[in-house]
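Once you've had a glance at the structure underneath, I'll fire off some questions.
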Amino acid sequence: MTSEDVVFDFGRAGRIGLDESVFCAGKSAGQIAGILESARERDAGLLLTRLDADRLTQLPAELREAIDYCALSRTGFFGPLRPVAMSGKIAIVAAGTSDAPVAREAARTLRHAGIEATIVTDVGVAGLWRLMDRIEDIRRHPIVIAVAGMDAALASVLGGLVSSALIAVPTSVGYGAAEGGRTALNAMLASCAAGITVCNIDNGYGAAAAAIRILNSFTALADESVQS
Amino acid sequence: MTSEDVVFDFGRAGRIGLDESVFCAGKSAGQIAGILESARERDAGLLLTRLDADRLTQLPAELREAIDYCALSRTGFFGPLRPVAMSGKIAIVAAGTSDAPVAREAARTLRHAGIEATIVTDVGVAGLWRLMDRIEDIRRHPIVIAVAGMDAALASVLGGLVSSALIAVPTSVGYGAAEGGRTALNAMLASCAAGITVCNIDNGYGAAAAAIRILNSFTALADESVQS
Amino acid sequence: MTSEDVVFDFGRAGRIGLDESVFCAGKSAGQIAGILESARERDAGLLLTRLDADRLTQLPAELREAIDYCALSRTGFFGPLRPVAMSGKIAIVAAGTSDAPVAREAARTLRHAGIEATIVTDVGVAGLWRLMDRIEDIRRHPIVIAVAGMDAALASVLGGLVSSALIAVPTSVGYGAAEGGRTALNAMLASCAAGITVCNIDNGYGAAAAAIRILNSFTALADESVQS
Amino acid sequence: MTSEDVVFDFGRAGRIGLDESVFCAGKSAGQIAGILESARERDAGLLLTRLDADRLTQLPAELREAIDYCALSRTGFFGPLRPVAMSGKIAIVAAGTSDAPVAREAARTLRHAGIEATIVTDVGVAGLWRLMDRIEDIRRHPIVIAVAGMDAALASVLGGLVSSALIAVPTSVGYGAAEGGRTALNAMLASCAAGITVCNIDNGYGAAAAAIRILNSFTALADESVQS
Amino acid sequence: MTSEDVVFDFGRAGRIGLDESVFCAGKSAGQIAGILESARERDAGLLLTRLDADRLTQLPAELREAIDYCALSRTGFFGPLRPVAMSGKIAIVAAGTSDAPVAREAARTLRHAGIEATIVTDVGVAGLWRLMDRIEDIRRHPIVIAVAGMDAALASVLGGLVSSALIAVPTSVGYGAAEGGRTALNAMLASCAAGITVCNIDNGYGAAAAAIRILNSFTALADESVQS
Amino acid sequence: MTSEDVVFDFGRAGRIGLDESVFCAGKSAGQIAGILESARERDAGLLLTRLDADRLTQLPAELREAIDYCALSRTGFFGPLRPVAMSGKIAIVAAGTSDAPVAREAARTLRHAGIEATIVTDVGVAGLWRLMDRIEDIRRHPIVIAVAGMDAALASVLGGLVSSALIAVPTSVGYGAAEGGRTALNAMLASCAAGITVCNIDNGYGAAAAAIRILNSFTALADESVQS
Amino acid sequence: MTSEDVVFDFGRAGRIGLDESVFCAGKSAGQIAGILESARERDAGLLLTRLDADRLTQLPAELREAIDYCALSRTGFFGPLRPVAMSGKIAIVAAGTSDAPVAREAARTLRHAGIEATIVTDVGVAGLWRLMDRIEDIRRHPIVIAVAGMDAALASVLGGLVSSALIAVPTSVGYGAAEGGRTALNAMLASCAAGITVCNIDNGYGAAAAAIRILNSFTALADESVQS
Amino acid sequence: MTSEDVVFDFGRAGRIGLDESVFCAGKSAGQIAGILESARERDAGLLLTRLDADRLTQLPAELREAIDYCALSRTGFFGPLRPVAMSGKIAIVAAGTSDAPVAREAARTLRHAGIEATIVTDVGVAGLWRLMDRIEDIRRHPIVIAVAGMDAALASVLGGLVSSALIAVPTSVGYGAAEGGRTALNAMLASCAAGITVCNIDNGYGAAAAAIRILNSFTALADESVQS
């Protein structure tokens, strides 16, 4: 048998504008450690997602201590963290406290890319006044990430209230007919509000990546419009 | 082979408070005609549901003309119609124009039982102001039937705004991830708002029957409370 | 990142007639403790649902001891419990002993709202005489909550025997083709008996909330009928 | 390409005790005609199932007229029909009039094998008294075939009331959560009553074939017990 | 709250010919102990199914020691065991060693009813000669229970080789496209062989109960044929 | 019954930046005509989607002739069409000729909003060179809409090659395991490429609406960046 | 809007060893005619699949008459047909007459590539002797394509009897639990016989293409082994 | 009860060209030990698959030490290992590091049969250049096994780039819409590239067995072509 080495894609940022990150679920501590050492050699920062606390403790102490870890979102920043370069552009709006891990994963992914998001939580539509209290603030953000499980009605209501780019993330919160997030996913896809796009269940990372794609294009367009 | 006769349950009203009705889908014109004649002999009125216009035209003219037919909801009233005995107790609230057939089936089922419902349509949450314009009126009804397809977010929003008994009917409106109404059904069942109960997809008849069960109990209780 | 505080909806009772309760599944001990302290400050009683025994033991002793806990239904009463104000209005009818946790969750939710329910268990239709022995008693209740898993035939049989408002709760009891309660859910939705409404799988809390919505409306109507 | 001839299994009766029959759905009129002619040459009778009226009319007149056709069950008897040799052994019990085609398919399959079944229809559990009126008669049959769609509660109720061999056939009657018969199928498989076995959706033919397998074994055993 | 006592159905044998048994999954050790004590008072034997070894060890020693336990099938015989009264009538045929627990559950259920079954295992169709070596013996049994997971092809092949009553039990053996036994279940239901009936996934108990129903009817018929 | 009038949301553009459009599937010719007349009175242009040719011919000639209809995408422009105000910003990339209707629906929706899209078709990854021939052109667009059915691999490959905002639309092209577009939908959601967002199956309209949301935000941001 | 031309992949044979073919389902007569004319200009033969008879008649007479059409398999040969270059290498084995269209599609695809397949039909395992009569002949073919619907048991039985490369094609034959071919697909994937690979439902074309891939590799290897 | 012995199929290699192997999932340590001892008596080597490390440690030391175990793929070689007889014929191409266990299971299965495969990993299409760097090497192998989870786009891209026999193995890598590998499975089955065949989810063993079937046929054909 010939080699099965990891082929790390360190050129990704140049190609598609997103830093390489490491999805740790299903990877052994040894595999993760290898990737971290490889990144350290190149002095590159790295975002770790789906890193369980158990797995974290299995890493060599030296590497483990170099990780800025968040247990709620199971994310880690490894190596030098770039400073915040942008804020006020992205609002992350979550329906309930159980949706917080996914909202935080999105926020941490953005933070790793130098973007500070505004987070608005516990504004599920069962208590509509909570959303209405915050809606003017939300509207000011050109990109809104809506995080909700169960019936995911928050996404549809937001879709009718804001003109921003709207990225919806279904969560696996709920039981029975919530079907592990499948109902929220389908409800977001079949929303009566137009122009909502959707990420995989619990995929806060993906929503942030989609927002970064938009911001990258924003910047490029803004540059053009300034120059022309 | 021994007999395969229809065993019509004319004692049902006495037993469970609901008139017998005829679900016409999957029944031949001959079978329906037989039931109508049997009802006529007993001078009983009868509600017909899921009666396609094609099937209607196949009935003997004499029977067909005795039917007060509504094409939108595919319902028919056969024989003497009892007068309206109650109104203002039930609101039927529908998200979009495509949900109208189901809303109307519920309304006609109630009308057949002598109950006039208030109908509020086209108040889907993608344009939340439309619902807010009507919410005070809706709130005044002790029973609210919410009819919605696709994401069914209307049910959850209503659930947070009214204290009434709330019966939700998912509709098969939508495509793709709407999954023929299954997504609306699941979203209603997994609603973030408490105390919503749900009927089968497109089952306006069932929602009306559930409302009648509640009203029957209302009356009984009210009688008790007056007497005691 | 801006705040991710819990926005507790203490005005809910006024708005929709249901006390706020706390769904503890997926919440950390810290989050639950925070909510309990917030409730204590306002001298409010609180219903806790889906509170695993493990999570309970993780709460600070002082808070834990203020909880009247039921392991079977995983529910807890926190703080002052209102006295029983009503009884004889709601029957909870369960098919088998395995359905008891869900039936008890409904009963405890009602008890927290001051309502004492009649509980009838182990009356699955495989031994029809057990149901028939109790049917006269069940019929006297204006609201019946039917709890059943597997084939859920109890709901349909009850639907043909009682005229009460009938709220069906499927349970996840069973294996294989029971599909974690999905079959019971679908069978209740597709019931041959008219006017049954359905809650999410294992959602005893929701069934009780729906019953409370009806009772609240009962009272309002009864008041009107007395006054008029 | 080498031959694609039909390989008809005329030895099946000797091997497994069931006559060969022809499932006509998906077969062209030409294919069916070929099979009929092949059967005629051997003077064999043949049972045709799922033979749509349209397909029937496409057959050559001579063959078509030799078919004793039943439109309700879409079955045909071709060629000499064996006389009735047994009755009173099998009851076919159907929940509603919409289940009649499947019940009839079972009855006709039995009739083709020389067995006359007792048919009891319209005894769905939503009107339990209808079933109770007939239960003593049903109990006298050593084999009971239960035919029901939607919630299929009839099978479970029968399972608790009779000691006979009980073969359940789900039907595709119903809509929405009935899921084309899948809910009835699952409910029968997950029945709370013990010892029910189940056939494919709408498979009246299969239920009859299963009953014939039992009767064949009955006869063999009875012969043994007489001889021993 | 009124009583939630277990209503044990000790009259079941008289009514439907099957002893009451206890499905232990989802029941607490306390609940099981209560049932055992209740049975002991009446000197009744009892079959326990789905009794995990862990649960067994939680029972009071006195009760635990009165159980003849089989770990493979998770079944227990409690109290006096009736002697074997019949053999040679039922063959249990299983495809692979992984199907043995289900086959054994069926065998133990039959044994509890006084019936000794012939067991034939490891005859999956991937090595057809293994089945062919045993087929003559299998054919001699009037009732055959086929136990198979994955593709469940064994049931179809048996269906074409034996004329016996054929009860198929799908097992949850396999992974991926085996879908926890759903594929085996569907393949058995859609079998190309006629007259196969099917039980729930892993339901060896149910298959045995169905066989007992047939044998009970056998006996009754045989008695009649002897007398007439 | 009180009124069931259509409540048209002509203020939507002001609120969320999207013109109202009419989803014609499931609406009668009469309902559509009513909406058109209502729009005409206000001199508003209107986009019609899912307008079957059959339904079109049922409209009054005067209204029908005022519609610029495209049969491939089943879309219509009614009334004055705004001029093209923007181009070169959005590329619509479709895998095969069968995906053309969905791609065209997106293009026409954009055109109605004054935006001309670049369309690139027949670049499915089974012939990767076709995509590579066009990739430099695609990369120049800040927003890319990827339209693909079956395995939807095009979306993942594009995701690794472009840094643009990437909106994926699954189509119902394919059969069997394509599951009516569900496989393409899931594959896009579970894509190995980061930052792809997804619309409902066949929802070219929704993808265009999402792109318009982004462009609206682009413009606002560009304005800010110019001003600051 | 820029061009939406078909980009035909005429270099495919050179790249992957398979001629381009045209999947006609979902393509208009105009689109098909355009492709045919394009092929004619290059004097290339073309295989048409899923070409409904209705669509065929809509083609210009000149093109239509140049098609060698097979209604059973809905395939057409357009233009010069290469002579048969190989036979005796591939056996296509089908379970029932209803599987013939799929078997024929495979055979015609092979014939278009110059390969004559041996076809063996009506050898479903319900009558195992039919397969056993042909098994020696089947075994002589290095590649076997197994075509079966419903329970698909034929594939597993073949898998245990032949050592050839075994490609399984599930068909949509059957109803109810056959789930449109999904059960056959899953049963083939979960087969108890090792080394079976599977194509999409009804995909006779794909099975032939897979066989051609193997034969191409055969030839290359054989050439090597001769030369070395 | 009669015997339930394992019937080991040691003649399988002669019949279908594949050694018997032992699927250890769901087998007890005792059952596995019995099989190993039976193999040792016959001096046969044996491949063990799905052998968890936990189960391994439960085996008697003597047997355990005779196993050449690979934890990543959970496979073991027991007894004498045949030498490598062939290489350069099969490439195993895996999309990501998480797919390595399945790729390794295939490689180890081949190695047990004396075949050394070329392994190419971490070439998922999100970084297309990684695949392009290796494509010339991959193309030289007459058989390619593609291993991928999530969107499985690698299989389609490979299908358009190589002419080899292409066996695709979906993996259960991913979450949410990846549906435990079902999405990858469906995407491979519905691939836009022709002639791909598919194995069960995570079935690296099956893919290797399919490749061995092809190689066995290769050899036979090559022999023929040399001789002729």
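Lettered A, B, C, D, E, F, G and H in written order, each chain numbered from 1.
The rule is simple: a contact is a pair of C-beta atoms (placed from the backbone, for glycine too) under 8 Å apart; a residue touches a chain by one contact, two chains touch by 3 or more.
Note that this is a predicted model, so its numbers are computed, not measured.
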| item | value |
| --- | --- |
| Option reproducing the contacts of A-C, where over half of them reappear, out of B-F, C-D or D-E | B-F |
| Inter-centroid spacing, chain G versus chain E (mean Cα positions, whole Å) | 44 |
| Centroid distance [mean C-alpha coordinates] between chain E and chain A, Å | 51 |
| Averaged-CA centre spacing for the pair chain G and chain C, given as whole angstrom | 57 |
| Residues within chain A bordering two or more other chains | 126-127, 159-161, 175-178, 185, 189-190, 193-194, 200-201 |
| Pairs of chains in contact (touch as defined earlier), listed by label | A-B, A-C, A-F, A-H, B-C, B-D, B-F, C-D, C-E, D-E, D-G, E-G, E-H, F-G, F-H, G-H |
| Residues of chain D touching chain C in the complex | 95-96, 124-128, 150-153, 155-157, 159-161, 174-179, 182-194 |
| Chain H-touching residues of chain A, taken from the complex the two chains share | 1-7, 9, 12, 25-27, 31, 172, 181, 185, 200-203 |
| Of chain C, residues touching chain B in the complex | 15-18, 21, 89, 142-143, 159-167, 185, 189-190, 193-201, 205-207, 209-210, 212-214, 216-218, 220-222, 225-226 |
| In the complex, chain E residues that touch chain H | 97-98, 100, 103-104, 107, 111, 116-123, 126-127, 129-130, 173, 175-178 |
